[in-house]
């Protein structure tokens, strides 16, 4: 066991934060989507790493599910982003503000 | 009583029949769609969906009466190696989802008149409900996440269903973005809990924590709070509620009703099970985090924000959206008071009852909005002026919904709201009780604004109700009658919910 | 089953009237409402209850118990029954409802079927409030009253009706919630000693000293806090100064028949609940804080009367005077003497009739003149002699003229409170309270002098004539009732005494807390 | 007792019931009846008078029956573990006498009203006769009331009737205003009375005036219980009450007595609550006669006499009664001197005369008080009816300066009026002389017996005699003598039998009724012709069983209240004669002064000679002004201030709470900016706060 488990936690946390940072700072819907993918993968790192740590495969299997769902999410997301572009002629998520308060 | 799912009567897997009925109906709809993709025959689609929904509701109701998965018939039925569980609570919520679905599909028959892609609409709805049904029986964090996504992804599409309507698209976008963010928070939380315990199955997690084998409490604690975040998103609770006002306002009104009632309830059932089974208070307190405190804070903030923001809205639909946030706050009381409750199963049961009643009265209210949209009545309170002179029956139903939402004894909302107050009092949660009182007063104010507009104000004559859509009317009136009947016949609901909740402790 | 019959009849009538055409709704509603009147009078005549329905050794009349809903460890029963306190109130409710319906024939000229339907619905709820012996059942009816009242004020009211209706609605609902929390704190404090939410069970357990602590609050403190919450809640309904401000607005804006019911019956819900809850269940707390409660009562009496003196609107005058009159009820209750408690209960009935009478009389004048401002009219007695005569009779009834029910009620309250050993300086409080009878004479005489007497003067573009018979008839009936009860208070007072006598000693030994 | 043989007592309730029936008949059918319902009233009052006389004769022992009678007629409110309230009849010499007076005067007033109202073509006659009947009903029931609560009830009803009758001409401005004032001022007095009633019930558990037998056991009256309390045998209930109020029996009895006195002062128009009475002249004149002679005003002092056994226990209360009476007698008489309207003069004379009655009762002269009550009832009714006759003649002009010379044109009225005036002024041998003289005599001897306060009151009363003589004859001279000063006075409207008949009856009575108690003659001659004294002394039954006899009072006065007699001028007879001579002298002096000033054919006003005093008197010592000031400039502004406080502060808070809620609601919803990135940021922020707070609390870092 070369790398202590805590390091994976730090790595995944870092990745999670990068994703979060992307969400908070970027306005492009596609980049928003990518950032979410980063965050999901941060979870995957944990799951895979600790699956090994605890000696069961549950985590690894679950990470496969997560990836599949991430893909599905992207599919739905792209669809929504498409209609967004059609209606607002922009991919900027901050432009769609017809409803507020 | 002989258990229904004993070897002699029915096989074990049939306990999932309500969910299976929904899934099957979704597939049937796909088949219909593939046979005739351009069909605009909404009658067939809505009919099939409704039949599926009613079948699901019927089966879950039958199981509830028969005692499937209840302690009196041998306890919860675990399926697929404990990944799913069917017990009273699961069936209770399946009944809620299916009933709401049935109302919504009936109403959609008129609402979607002339819209393309109806088959997709109905199958998405059925799939989302299937996801919710699975959420109700999810017994592991893995199935929880998967079913949550199964419920969420169709919902995103449903909200954005009116793809040429800017509001609908904007709502879909916001719902989707916040939803994606929240689910990544949720799954990250799951990964942290897995990191700390090495388990995903709920009961196993509790065992590990209880045995003291868990890793760093900080990791576990952060994981739990992130799971709190995940369910807060699904239940539209502060601070994960931001999607809700826009999504409910922008979405087609039947979808709003569906989401704000069924989807919210699904979030709650998930929360009930995860927190009482995986992180029981007696195990978790002192080790990682007393989530009761977290939920108390969220409950107070949620009901306050929801009601205060609702009080000054200009449009009815958005007011209902915020009120829906407020009701999430009420339902959270059940979780929040568990630590101090004299009677835990009653406290949790009160939340369950509230969600059931809420399923009818809130869906009904949104469907009335759908009716108004169908007639082309405007969105604001003023636009509803004098509506009662033209549609007295629908307005009576709407009055029942609103006053029931406000907790007046004209609908079942009275019981559930006061039961929640009883639960808060019983746990000596004075803060929650006080918040409930203040917010309830405010809610009375804004709900009665609609009543005032409909009944008291003079119509300005700007519209004429020309037709009375059968489907919408049927749905609204059914919801109204159900809401009223729940006032009189609340006994079985109360007993079932309390019994079902008791199994979690 | 007779109580159920009453409620169901009223509910069914409500539905039927709602479906009736507007032109006949009034007559139809009046005819249907005679059924509860007859039934309640018959019940009165065969009434065989004894004792206080909430206390041990009692035998409520027309009692039924059936299991309904479970609330955790408790059962919510359909439990109704009448004792000497509730029976008169039910008669009051049915009679006043019918008279209010008749008095609505003239002023209500739109959406009649809805109006009368709501009135009948409210009647059902009011009967329920007075008959229920289970907390939650009672609470259902208690809250159910709000809905028709809100609509009745809101739809058929005056210019500021929306403001008044919402104020009434929200204010009284908040009060109910506060009261609710206080009550359930007690229920949970009682723990296992009760298994249902029946009011008798709770009252008896509390008086037997079964109360335990709740969340570290020891029983005496818990009782006090619950008392405050419940008193506050009911004080809004009564209303007790300073929780009264919804009342004048509600009265002024409400159409007259609704004012009649609001003042005549709805306010009694508050005092009835005080009697049942605070003064029966927590009698020891009431005794221990009798002076503070007496101060609330006296302030209500004097302050309410002073406010009435400053008003120009006839309805506002009567509204404020209702606040004043309800103060007597509180004073009588807190005295814990036979005549105090009995007089207070009798005052509920009496004030119900007299304030109804006053509002109706004001309404009849308003129907003809379309103004209620005393500055606007003068010498109305010249044009409306019969109305004026009844108005004078009503006003004197309100002032406590002997041989009218108000006098009997007030004198009994004073007799009871004067000799109270519960209130320190009871004679002083009573004497101050009695000054109310001078002020009430002041404002009512002033109102009469300015509106009824003097040379006739009112600018109208039509001829003001005599009021139609249908307007006058309910007035006469009420007046006769007021006189009958004033001459023979024992018609109700005997059964009231029978029911409140067990309350006199309540809480004397500290309730075991 | 009852049921064995028929006695007049069985009919006693009918004394009140008959006028009540007349009230109902007049109210409901009056407008369809001839004479507007007057006949119903006349017949009813005739019946009442007959039964009253029969009752009187029974008490006197002339008709068969006991000399006193009690019956509970109506259970009012039943209490459990507490006292009951009931209505009952109590007949003893006092109430029997008063019943006759009241029913007689009422009867005559009804007859007179035919002339005053019907013949003058008034409208609203049914209402008039109904009110009048109700008035008689209330007063008669008040008189035979057996307990103080019943007395209070009918006392209040009397107030109602006075309101209705004073405000009879409601289409004008002044009468309703006067009616309101009368009711309000007396209500203010009744406020104290009610406290007293409630206090008496709360202390003694009964309000009975006399010890009676009910259900086979004796129930003691409250004066009897109070007497026991003074003797140290405090009943349990009373001692509880004494503990509550923290007073000695003596002090508490005094307080209760004075509280009841509040009602007396109000109704009997004693200072300072007399202001309503002159205004009450706005009512029809027969009503004034009824109010002043026999009903409302008499009710007050009758009440003192009725519960004399209670007052006799408290020297303080007695002294206050005497002083109030003496002061009022003088005070009112002085105002009567300058009035210009005939009814105003009579009004002030009424106040003054009731002052005498109070003076008598206060200073221990029970018989004198009742005597003056009797004579005054007769001569004041006469004077008012006489004035009414004059007013008819003068076409409802009441100003005496517009009259003059009516003597020859209306002789019946004149001679009757003169008889009444002589009685009022106290000229021998008219009735007023005998009674007033006895009043002053009693005050003098009891004052001399060691109570200087009585002497002060006596002095004031004595001085008032002079003023009385003056204003009485000023009135007579201005009205009837001299030359007619206006055209109306030259050709007055004639009056019919229905006016003359009551005047004649009363005129004769005014001259003669004094003979029932000629105390000075009796003393001088040792003949037992002081019939009233004997009458009120009552039989043994009255004195011992019921406890309302004169001798009992005298014992109480002497032993408990310490009122004793002394004769400053020689013996009893000489003192009595001296006293009579002085008062007669003063009356004659007053009359003489009036004669000298106003006797000529063309009398002129002399009031200006009084200078500043005239202004003071014309303004009635500014009593009205300060009471109006209290009502209009103190109470009303106070109520308006309360209203502003209520609207501004209390309601302001309520509305403020709702505004603040809505405002904060409006702020809260601004969080929802519509920009999804902000949502994500806020969501993250929320989650971070949650993590940080729980992390810090849980010690994860």
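Observations
Per-chain numbering from 1; labels A, B, C and D assigned in written order.
Heads up, the rule we're going with is that a contact is a pair of C-beta atoms (placed from the backbone, for glycine too) under 8 Å apart; a residue touches a chain by one contact, two chains touch by 3 or more.
From a predicted model like this one, the values you see are computed outputs, not experimental measurements.
Ranked by how far their CA centres sit from the centre of subunit A, the chains are topped by D.
The interface holding more C-beta pairs in contact, when A-D is weighed against B-D, is B-D. Averaging C-alpha coordinates per chain places the centre of subunit A 97 Å away from that of subunit D. Spacing of subunit B relative to subunit D, judged by their CA centroids, is 77 angstrom. The centroid of the Cα atoms in subunit C and the matching centroid in subunit D are 37 Å apart. Averaged Cα coordinates give subunit A a centre that lies 64 Å from the centre of subunit C. The set of subunit A residues that touch two or more partner chains comprises 23, 93, 96-101.
Under the contact definition stated at the top, the residues of subunit B that touch 2 or more other chains are 173-174, 177, 181, 185, 245-246, 309, 445.
Across the assembly, subunit C contributes residues 170 that each touch 2 or more other chains. Every residue of subunit A that touches subunit D in the complex is listed here, in rising order: 20, 23-24, 27, 93-94, 96-101. The residues of subunit B lying in touch with subunit C in their complex are 340, 342-343, 345-346, 349, 403, 407-410, 414-415, 418-419, 421-422, 424-426, 428, 433, 436-437, 440-441, 444-445, 448, 451-452, 455-456, 487, 490-491, 494-495, 498. Here subunit B touches subunit A in the complex through residues 141-142, 145-146, 149, 153, 156-157, 160, 163-167, 169-174, 176-177, 180-181, 183-185, 187-188, 190-192, 194-195, 198-200, 215, 219, 245-246, 249-250, 309, 318, going by the rule given at the top. If you check the complex, the residues on subunit C that touch subunit B are 67-73, 136, 139-141, 143-144, 146-147, 150-151, 154-155, 161-162, 165-166, 169-170, 173-174, 177-178, 180-181, 184-185, 188, 214-215, 217.
Contact residues on subunit A toward subunit B in their complex (touch as defined above): 5, 9, 12, 16, 19, 23, 29, 32-33, 36, 39-40, 42-47, 49-51, 53-56, 58-59, 61-62, 65-66, 69, 72-73, 76-77, 79-81, 83-84, 86-88, 93, 96-101.
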